[in-house]
Amino acid sequence: MTARIHLLLGSLSAALVAFALTSPRVIAADKVDPVADAKAFQNFFFQKFPNVKHEDFVNGPYSMNEDMKRQWQEKEEFPPYEFALDAGKEMFATPFKNGKTYADCFPNGGIGIRQNYPYFDEKEGKVVTLELALNRCREANGEAPYSYVKDEMASLTAYMAYTSRGELMDIKIPDDPRALAAFENGKRYFYTRRGQMNFSCASCHVQSPGERIRAEILAPALGILNAMPIYRSEWSGMGTTSRRFVTCNSQTRAVPLEPQADEYRDVEYFLSYVANGLPISGPGARP
Amino acid sequence: MTTTTGPLPTRRLILQGAAGVALLGLGNLPFGASPALAAANDKYPEEAFKQKNEADAIKALYGKTAEPSDKIKLDAPEIAENGGVVPISVTTSLDKVTSISFFVAENPFALAASYRIPDGTVAAVANRLKMAKTTNVVAIVEADGKLYSATKEVKVTVGGCGG
Amino acid sequence: MASSIRVRATANGDITEVQALIQHPMDTGLVKDSKGELIPAHYIQQLKFECNGKDVFVADWGTAVSKDPYIKFSFKGAKKGDELKISWTDNKGGSDTTTAKIA
Amino acid sequence: MKRSLLLAMLLTSSLAPSARAANEADYKAAYAAAEAASKEAAGMRNQWTVTVSALAAAKKAADGGDFDRATAAAKEAEALAKASIFQATSEKDAWKAMEIR
């Protein structure tokens, strides 16, 4: 038993020391500054990969490896997400039982607006993602919501992403302390280690993009959500942003949170904001 | 394979050898009957798709053996991004091509796909195949009644976390 | 329901390039589902392309062809506006056909 | 690296094998402790999948009457849960070290 007490005391003192070290910076950095964060985030990747064109970062692993890029370009000639796209288009055109359609729930009929999602809803005081907005639209029109990790949701977001292809990511953070808090919460989630593997999102997507983890090449974090939803050969099916977050968690042996949990909405907000200015390339095809 | 010494292993090897030959024999018997030009007619080459290894499959499909040729350009990735979807294509400058087939050596069944090329159709095909593991992809082209082959190894590993 | 076959045929000069993507599970019969039972083999065996009454391309497929299979080939002797007929049959007797105009 | 060393030591230190065969009472005590730690970890929204499976293994072994294995599994679950709690508390500030500035 005594060994364990030493251990706990040891870790407490270590934590105290760590806190003392960071406290001056914590006070200085207390004011959340998304603009500076985004600039630093983008510059980190631009400097780390000087010969990757800025807009190429949205192609994830394919911006990191030539052999993989050729296989991707071959797939893109007739991409496997073609069926999800057609299904999404059809669902958009099919009215709900009450006669309304998705177009009635979204600005500009839902066409060419994906780059503004997720947005901060000042009434609700929370981040609203595209997947959440789609399900709320269904519920508002008396329809049952779709699972966040299954094909129907992926088809809808695939079609909406397709109508925004090439548009530059344009996420806004209103001057509202709750919005800044959501951004900061998303950033904290992104850098926090979790699971028995003790990895954070950054362990893979900031410290080692371009390197291999088993057969896969790790994608850079910059622009990583611009291609959502993605058809993954490994799933031989479509994957929404929610499905990607949930599977990433379980791969570090962390029990995933429920889809569209606040943490997931905030980390999507953070990752999308820091990718402002990079083109939407969804729906994407990935290994 | 455990490397045991002494008489025992040699007897076992002989037995295994005998069993193998018998199987092969069985495999050939029914095939012997159907015409060698199985590839040319309309029938789906059921027998060829049942063969486990590449040599038997080629024999079952074409009834002859192939010789490597540098006039076949086989395009396949060095490391497959995913064993389930491997883009593989072939073009050839050989003429009077009547058939192109793809074999994945160590797949459960070696023959993956076989294409009949009527005259007037360009001798080139692109497709996406499944590969069980790192192995040789072999493209066979039947031109003017003779068989030519091109081979390339493609590395495949089980996907891990997903980039 | 839209056909399971997506096809693009474009003629440039005398050569028509054809690309097709077919919605099909292409199950090998060797894979187990989440309950541990084998998913029975279900795969396209033959895919045929006809133009102007003549077979221009015939594919015999095994279980090693990827899910939602893709194929690309080209042929001579057709021109813009000609009709391409595509049909497939699978090992369970399923089938589908569609036609496409050469662009 | 320092943090993962601490985690590893925490894990190994609590796996010390008990001498005599465990009986149902030992198992119940070990399981209760493991469940409490697991609930706390879940409350911090930092549960590990291996904790959940170790708890399940403990229950399964206990149902089968094998209290030795059940107690060992319960102890392992508790250690894992404690490690995930330690991870959550230390990460409250440690994440800043990796932040791109």
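The chains carry the letters A, B, C and D, assigned in the order they are written, with residues numbered from 1 in each.
FYI, a contact is a pair of C-beta atoms (placed from the backbone, for glycine too) under 8 Å apart; a residue touches a chain by one contact, two chains touch by 3 or more.
No experiment lies behind these values; they were computed from the predicted model shown.
Here A is the chain whose Cα centre lies closest to the centre of all protein Cα atoms.
Of the two chain pairs examined here, B-C and A-B, the one linked by more C-beta pairs in contact is B-C.
Chain C and chain D have centres, each the mean of its CA atoms, that are 53 Å apart. With each centre defined as the average position of its C-alpha atoms, the distance from chain B to chain C rounds to 21 Å.
The geometric centre of chain A is 42 Å away from that of chain B, both derived from CA atoms.
Centroids built from CA atoms put chain C at 35 Å from chain A.
Within chain B, the positions touching two or more other chains are listed as 84-85, 89, 126, 128. Residues of chain A in contact with two or more other chains: 80, 236. Contact of a single residue of chain D with at least two other chains is seen at no position.
Taken pairwise by the contact criterion, the protein chains fit none of the simple patterns, being neither a path, a ring, a star nor fully connected. Chain B contributes residues 77-82, 84-85, 87, 89, 126, 128, 156-163 to its touches with chain A in the complex. Within the complex formed with chain A, the chain C residues making contact are 2, 6, 8, 19-21, 23, 67-68, 70, 72.
If you check the complex, the residues on chain C that touch chain B are 15, 28, 30, 45-46, 54-67, 69-77.
Contact residues on chain D toward chain A in their complex (touch as defined above): 2-4, 6-7, 9-10, 13-14, 42, 45-50, 52, 80, 83-84, 86-87, 89-91, 93-96, 98-101. Residues of chain A touching chain B in their complex: 60-61, 67-68, 70-72, 74-75, 80, 204, 213-219, 232-234, 236, 247-248, 251, 286-287.
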